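Heads up, the next two complexes both have subunit A, just with different partners, subunit B and then subunit C.
Then we have the complex of A and B:
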């Protein structure tokens, strides 16, 4: 059912829309416009004047092997973070949904990690896996495994993925649990009477009915992995070793604010903007079609 | 084809016992309706037969085999739920085929059985639709179809008609009855609607507060209620109850054979008489008097509400449109002696 309100004049609707438009303009269109503008220039090292180079920044970036590697890194990183955080959260939610006693406590404890800021979570995991004093790396050492994420790119990637996914599990868990509890009990019971065992029920009934939640979380988690994991990566690896954990958003920061190459940094953020736009379109066009609302 | 035996079954949730030992023996092909007010434990009893609730003590047998420890899927039953419990993401065909697919039935046979059930339920044109595109009555049919295709030994119905409007309910009631007759599958049906219970049941079980108060054919239960609760619950309008202070006070004159029985009983006695057995004249042996309060003319019948001197309500059902005295006037009612039921202080019949 569509609800339409008809206004007599122009003033009131404009007034009602203004706050939203102003917020979007100030915090999105203005900086995004500046980024687009800046991506067409190369400033001198002291920031006194800048030279117009057209699409030169973009041309340089697309030929840069480090930048292309960062694309792959980002893809691997966000896929892993999304898969790990959603997979674990779904598993925990399914278990919590079956709980009768102590469900409240279990849920509350699972939600806590969400309250930990990404940078703090990063430091926490860094301490545990510190190559010299970390608890986990010490135990791994006892088992004969020499953990060193400072030198080993794969281990570094593993660590930032786990640290980023960890805080995210709580958030995903909440949504999955709410989704599970919204499925009518009798539908599950009907399937049980129809002869479906737990995992068959999960595969054929529960998971399809959960798909709106899963789709929403997929979008939210990929966006999270793209942007909000900055704190984790900055505290744990600073993009290293050898740029093996430099995701796109980290490279924007590193090139712009550390390397002082503002033109390239701006061009990267424009590309990032386009990538996220394309991803969102793909998600809504192709995945949403298979979602049962 | 199966018999069901419910043997001294009890159910406790934590410390609260909700079913206090129920015994029902169900014959092969019989249609049993469990009826009672909400919270009497009728759905819990059904769910224990289905295997959706554990049995605290006692035994449930299906076809002579103890099933207490079996999973629902191993009991060879099918259930129709109050909210239909259709799988919303599947088509009507897939909904009905779901159980067969899981059982690994051959594709051709699945198609044949679903088509046959769909024809029986007039769902042939809707097999490709999703449940949300169907009306309430059609959804109800799909739920029935899902139960039929699996050819179970037992049908369980949990208030399947309560989400339908009144007209559709009457129609579906007849369809369920006809279907059960044709298939001859033992059925256990739970409802709070006594009309549904009376029309569907071969035998009905009247439950109250976790106890099966009476089990019997609908007309036997109606004519011969064993407790005050059954008399009050079955029949609309319900049975009239009058607390007796002495064998014969001014507002009630009972014939000697009944007065004798009251003399012998211990404690206070309640007299019960159905509205249709009373008439507004002095022709019967048992006479009552009261003041007429108001009249409900319903066309086919007229309900006359009176109040006795002691403040008790009496309803008299007259056929057709009756000529009646003014509201507020004193009236005499009477009934034949054989229609009078006497209940002791615990609510049980004394005869």
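Then we have the complex of A and C:
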């Protein structure tokens, strides 16, 4: 699509583009290029010079059991976050959609956790489950369950999943509610007159009509779980215990800044870059399909 | 998906209506509970927290805890961190909107050599969050002497084209007749931009501002790397720094007061500008 009406001149548009081009070149393309370049080298321990190793860093990573474990951890983590936040959000949206009045009030009450930073959400949940002072862990103790996410990897994973999913419910709820409200009432009422019960209607009419929204949210939530949950992981577990919550983004940080292993960290960045690329392509493909509907 | 009681109607009435409300209220309570607990913790004293279970109703230490946090904090006064966060969030929101609207104007309303190249270069950035390229970006910022500075907090985070993309989409829907009329009247391009395009974009700008403000305020990883001086910490990343290393017990009332202060500005923005916020969300995901 192009504009029919345009203005003449070439100097003005170049001037208008300059600020964005400069900022993007310096803080985006240069570092991204550096990441690719560094991923081909191993710096010596003193950081004085580096040795070209080609794809050595990548080969090493793909054979490294810790890196492979981090891949699995990331997959488990993002699937759980996506499932929990989308499930709860869909449940609440279906309920709110059944109201003639008051859906707006519930929307107001449910959307604001979106504004709570993942890192702050992490602190809130850490506080509730803190092994020494946490309210929830204390009551769990009364019930005879000894909660300790500092030592138990499964509990640590559960906690970061819930904390990450919590803030995300708002976002999913908004999109699900909008999607549900866009479904023509007449279709659902026709099914109701034919004697289809709620669950049948949901399964055969509502959910299929909602599938574009569901698919869109699936991709967006996975991207969120991959990249934006760093704050949750860093505040609650710092990747532990025994790396059981070290997702890929956390590992880039831990290896690059804490471990100072620049070559490996850069190679991990490049791998993540490819993962984002694939997810973006999926998203764009889907958007194009939606346009053709 | 829980199965709901049935009456055969689409909208609920009578008992079904109450059950629907009950389900929603339960959901709201579960979602609000962590924040309620944080608020309660920010109004009681440390001894009440370290002897669990802590109370579930606010205490009388509200002013003590909040003034202690704001004035002295633990590593740095929280008032200072709030100021840093505000500078960062406004800087990112305003900076990104300004550079994006200018470049979208250039791309949509002009034909010039290299236009397609610029277009695609800018759009490539849609793909790469800062988390992925942290180490080299950090090195660039360090080389520019941007550690512990506001420009270091702001510029690396406005280097992406999401907003350019949105403004381009919007400009494409602006009727050609407007630009045509302006050109016939002999208006120069920047005059058209100021007098016609900018006023028309008001709602889009506001919606985008809401989203970018929250994005900027809630940044964590980047401020964590770039601010080593506690007086340059932003509030969202500063909370974690308030936890003691080792086995000491954290000063929970002050930490929770800080958490409440950290979430207050973006929450107020979302609730008071709900319509713009929803519009911004939907736009930015199109």
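Everything below uses one rule, namely that the second predicted complex is superposed on the first by the 240 of 293 C-alpha atoms of A that agree within 3 Å, B and C clash if a C-alpha of one lies under 4 Å from a C-alpha of the other, contacts with A are read in each partner's own complex, and residues count from 1 in each chain.
Assume a residue touches a chain if its C-beta (ideal position, glycine included) is under 8 Å from a C-beta of that chain, and two chains touch if they have at least 3 such contacts.
Because the structure is predicted, anything quoted here is derived from the model rather than measured.
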Query: Does subunit B (first) or subunit C (second) touch A:200, or do both, or does neither?
result: first
Message: I'd like to know which partner A:192 touches here: subunit B for first, subunit C for second, both or neither.
response: both
Field: Touching partner for A:214 - first (subunit B), second (subunit C), both, neither
entry: neither
- request: Tell me which partner A:57 touches in the superposition: subunit B (first), subunit C (second), both or neither.
  value: neither
Query: Which chain, subunit B or subunit C, is in touch with more residues of subunit A?
result: C
Query: Taking the superposition as given, does A:98 touch the first partner, subunit B, the second, subunit C, both, or neither?
result: second
- request: Could you tell me if A:134 is touching subunit B, subunit C, both of them or neither one (first, second, both, neither)?
  value: second
Message: Once chain A of both complexes is superposed, is A:172 in touch with subunit B (first), subunit C (second), both, or neither?
response: neither
Message: Taking the superposition on A as described, I'd like to know which of subunit B and subunit C A:73 touches: first, second, both or neither.
response: neither
Shared subunit A contacts, counted only where both subunit B and subunit C touch the same residue: 189, 192, 195, 197
Statement: Seen from subunit A, its contact residues with subunit C in the complex are 1, 3-7, 9-10, 12-14, 16-17, 19-21, 23-24, 26-35, 38, 87-88, 90-92, 94-96, 98-100, 102, 106-121, 123-125, 127-128, 132-135, 138-139, 166, 169, 171, 174, 178, 185, 188-189, 192, 195, 197-199, 202, 216, 220, 227-228, 230-231, 234-235, 249, 252-253, 256-257, 262, 265-266, 269, 272-273, 276-277, 280, 287
Message: Show me the residue ranges of subunit C that touch subunit A in the complex, using the header's touch definition.
response: 1-4, 6, 8-12, 17, 20-21, 23-24, 27-28, 31-32, 34-35, 37-38, 41, 49-50, 52-54, 56, 98-100, 102-103, 105-113, 115, 118, 121-122, 125-129, 131-141, 155-156, 158-161, 164, 172, 176, 179-180, 183, 189-190, 192, 214, 217-221, 224-225, 236-237, 239-240, 249, 252, 255-256, 259, 262-263, 266-267, 269-271, 274, 277-278, 281-282, 285-286
Subunit A partner contacts - residues on subunit B that touch it in the complex: 50-52, 71-73, 77-79, 81-83, 85-89, 98-99, 102-103, 146, 150
- request: Show which residues of subunit A lie in contact with subunit B when the two form their complex.
  value: 184, 186-187, 189-197, 200, 204-205, 208-209, 292
